[in-house]
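Next up: some structures, all given as structure tokens.
Presented sequentially are two complexes of chain A, the first with chain B as partner and the second with chain C.
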Partner chain A sequence: MISKLVQTEFMKLRRKGIWFLTFLGPFGVVALQMVNYGLRKDWFISQGTYEWFYYVRNVSAFTPFALILGIVILTSFMASIESETKAWKQVMALPVTKWSVYIAKYTTLVALLMIACLLLVIFTLCFGLYLGFDGNVPYLDIIKYSYYPFIAALPVLGLQLWLATVSQNQGLPITLGVLGVILSYMAYFLPDWMIWKWPSLDNAWDEPLVNVGLGLAVGLGIYLIGMIDFIRRDVK
Partner chain B sequence: MEYVVETKKLTKKFGIEYAVADLDLKIPKGEIYGFLGPNGAGKTTTIRLLLGLMRQNTGTIKIFNKDLNSTRLEILKKVGSLVENPSYYGHLTARENLETLRKIHGAPKQRIDDVLDIVRLSDVGNKKVKGFSLGMKQRLGIAASLLNNPELLILDEPTNGLDPSGIIEIRNLIKRLPSEYGMTVLISSHLLSEIDQIATSVGVISKGKMIFQDSIEEMRMLSQQKISLKLDDNEKAWRFLSSKGVKVEPENDCLALVEQSDQEIAHVIRMLVENNFSIYRVEEEKRSLEDTFLQMTMEEKAV
Partner chain C sequence: MVSLLRSEWYKLRKSKIVYILLVGPVVGLIIGIFTNIDMLPLEMNQWVGTLMMMNLTYALLFLPLITGVLAGMICKYEHDAGGWKQLLALPVTRGKVFVAKYFLLMLLILAIQVFYLVSLLGIGFAKGFTDTFPIEVVWKSILGGWVATLPLASLQLWMSMMFKSFAASFSVNVIFTLPTIVIVNSERFGPYYPWAQPFSMMYLSGDTNDIFFVPWDHLLTVVGGSFIAFFVAGFIYFQRKAV
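Presenting the complex of A and B:
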């Protein structure tokens, strides 16, 4: 049943420019480095930082920002498709459980974001190869720096989907979302407990896996809370 | 009698306001049940409760003789519905819209062509719904409700916003459903004329309460004629007739006879003539169904 629901979610996203967005996010992140390395290649060389190691980290500087922005846009898109014409009532009058509808939306979002992360891996790799750094290609590093921020952003995903699905209009979730985007941009200055900091993989222990672990645990928690609240409410 | 829908003391509150109160709804199998009530009476709320879109505060709902809360999915497989304004995805075509629902129902693909044909939207099946008129959207909503070939079809004010020819078309379509497809239909409306022309059973709801529920014939019986008399001295005649044990009620400038058999009327008139009353008028007034409905809902308001 859930796989059928996910299929219908993708059908509903047709002509909404969702695939373009999925492409644009990772492309934008790498494109910024194209500008960066295009302008400052000599400076990197003079600093001795013209290496894969620094390149991967430079790319990942903008990943949290793009990720959170993408989450806000996608979740609001997905909820507004239903709430614009009050289609929730039509979906919920089908022989499906409320939780399966919520899971299907979440699964669809996770799938889109994972595709975006895969594209990020590919773009990072391609431009890195083009820059022609010395040494071996750090495949694992590239994959980590593409997927870790995503896992660390799961709490934000859970929160935005929850708000977007239970709000009458998208004003509140978008406002909070934009605030989150700004916060994620200032991650460095945020205290460690703020979920918007986590995708930056930065923390007091200098251990990205802490953010990943927290992201998974808290992300799952918010996901469940959101789902239970969604089930509990009357359908709009 | 076999009931497809049966609620007992169904109650739903919003805050402290009762939208539906102690409602006993009974829909006999194979009937077109007209659910009639003024705006805000609680029709949509009742329908949302029947579909499990809302949870009732108290009371039970049985559909196909099964409890809704414990067997919702099984029941909904055999229910089609259109609640309030039609829901649709404007950026998708009519066909794509139906496809998102067909997939979940697991109905054959052919069914999309069938239902588009039933509501006469085959020509615009590949057009985006955004550009549809309200009537076309409404028909698409009905098509969607028919996708799973339901045994129970629930339509909430399906002719709202349609032009007269659209209304007639939908009406004819709904009339066919019980005989041709064995469906039981619940159709709500705030217009009596609508229900009068289509329903075989009626439930009248006002302020969340069921104030009448029976066959349409029974409702028509309530709209009986009444006899009114106009005399030279109504007051005196009223006292005279009352003393003779005849039930009459004074109205504006005449007297209304409650008993209406031919013999009774002849008897009353004979008495009046024999006692030298001058009878100016003896009139038969037919109350329209509309009056009956109005009066029913008015009485409720007065309480």
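Presenting the complex of A and C:
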């Protein structure tokens, strides 16, 4: 049942520019580095930071914002498909359970974001190869810095999907999303417990895996809470 | 025109827009609390230092992004349940509706800017600043940021009228706003990028001879030029929009 529902979700997404956004997010993140390296290549060389190590970290500096804004936009899109045309009743009238509808939405979002992360790996690698750094290509590092922020952002995904599906007015989840971006922009100043800090992979222990583990655990928690709340609410 | 504005006000009054307006000062407070001004030079005015730190995030990302959210909010009633048809069936011209909505949007942004100023005052009193309050500089920054959103607001109003989906108009906003983080560092492109203007107009610089922190002719060409382009395009779009 879930796989059928996921298929219908993907069908509803067609011709809405979602795939374009999924491509644009990772492309934009690498494109900003194209500008950065295009303008300041000599500066990097003079600093001795013209290396794969610093390049991968420079790319990942913008990943959190793109990721959070991507989550905000995609969740709002997914929820507005039904709320805009008042179609929640129609979906729920089908012989499907409410939780499976929620799971299908979540799965679709995770799939889209995973594709975006894969594209980020590819774009990072391609532009890195073009820049022609010395030394071996750190494949593992690139994959880590593309997927870790996503896993650490799962709580944000759970929160935004929850809010977007239960809000009549999409202005509210989007405003929270804007607030989240601002918080992730100041990640360096924030205390470690704030979920918007996690995608930056920065913490007191200097160990990105802490954020990944927290992201998985808290993400699952918020996901379940959101689902339970969605089930208990009246269909409008 | 006055009655149009009044009807817009009725539509907004009971909506959740107040919460969105209050996010502005909340962001200001968060930034003000989490950043410390100890790293600034001692001889600098405490108010100016704090406002500079706050503006780094507020003017760069928050102000352009929230402009789009507000634009979406004021078009929501019309997108829901055929409101455009009802509104335009009234004896009003489309041009007046567009201007009224734009006027309202700019009023809301002004409110956010004023709330932001209040949050600066709050932080100052909480931290017990003893320096004199540089009222002229602060007003320049607050009003300058507002003027810089004029073109952004007209583009976002246009996008919000065009797309039924909130997320669609917001993604246009994001696509133009995010690159600002990089562009603002560029001396060549920064001054000409409309989405970087809120930042440069709120940025406190020592030069206080002009009315704003950006030279007058530059303001007219970049902000004024993009404002006219976006406003006219949005205006024409709305004239021809099928409701």
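In this section, the second predicted complex is superposed on the first by the 236 of 236 C-alpha atoms of A that agree within 3 Å, B and C clash if a C-alpha of one lies under 4 Å from a C-alpha of the other, contacts with A are read in each partner's own complex, and residues count from 1 in each chain.
In this section, a contact is a pair of C-beta atoms (placed from the backbone, for glycine too) under 8 Å apart; a residue touches a chain by one contact, two chains touch by 3 or more.
Since this is a predicted model, take the numbers as computed values, not measurements.
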| item | value |
| --- | --- |
| Three-chain arrangement built on chain A, chain B and chain C clash or fit | fit |
| Touching partner for A:K89 - first (chain B), second (chain C), both, neither | first |
| Which of chain B and chain C A:R15 touches, first, second, both or neither | first |
| Which partner, chain B or chain C, touches more chain A residues | C |
| Partner chain(s) touched by A:I73 [first = chain B, second = chain C, both, neither] | second |
| Vertex chain A, arms to chain B and chain C (CA centres, degrees, nearest 10) | 80 |
| Which of chain B and chain C A:D234 touches, first, second, both or neither | first |
| Contacts of A:W162 with chain B and chain C, given as first, second, both or neither | neither |
| Which of chain B and chain C A:T97 touches, first, second, both or neither | first |
| Partner chain in contact with A:K4 - chain B first, chain C second, else both or neither | first |
| Touching partner for A:W198 - first (chain B), second (chain C), both, neither | neither |
| Distance in angstrom between the closest Cα atoms of chain C and chain B, superposition on A | 10 |
| Contact residues of chain A, present in both the chain B and the chain C interface | 16, 84 |
| Touching residues (chain side chain B, partner chain A) in the complex | 48, 51-55, 73-74, 76-77, 79, 81, 83-92, 96, 99-101, 103-106, 144 |
| Parts of chain C lying in touch with chain A, wherever the complex brings them together | 15-17, 19-20, 23, 26-27, 30-31, 34-35, 57-58, 60-62, 65-66, 69, 72-73, 76, 79, 164-168, 170-171, 174-175, 178-179, 181-183, 186 |
| Complex interface listing, chain A residues touching chain C | 16-17, 21, 24, 28, 32, 35-36, 39, 62, 65-66, 69, 72-74, 76-77, 80, 84, 169-172, 174-175, 178-179, 181-183, 185-186, 189-190 |
| Sites on chain A touched by chain B in the complex | 1, 4-5, 7-8, 11-12, 14-16, 81, 84-90, 92-97, 234-235 |
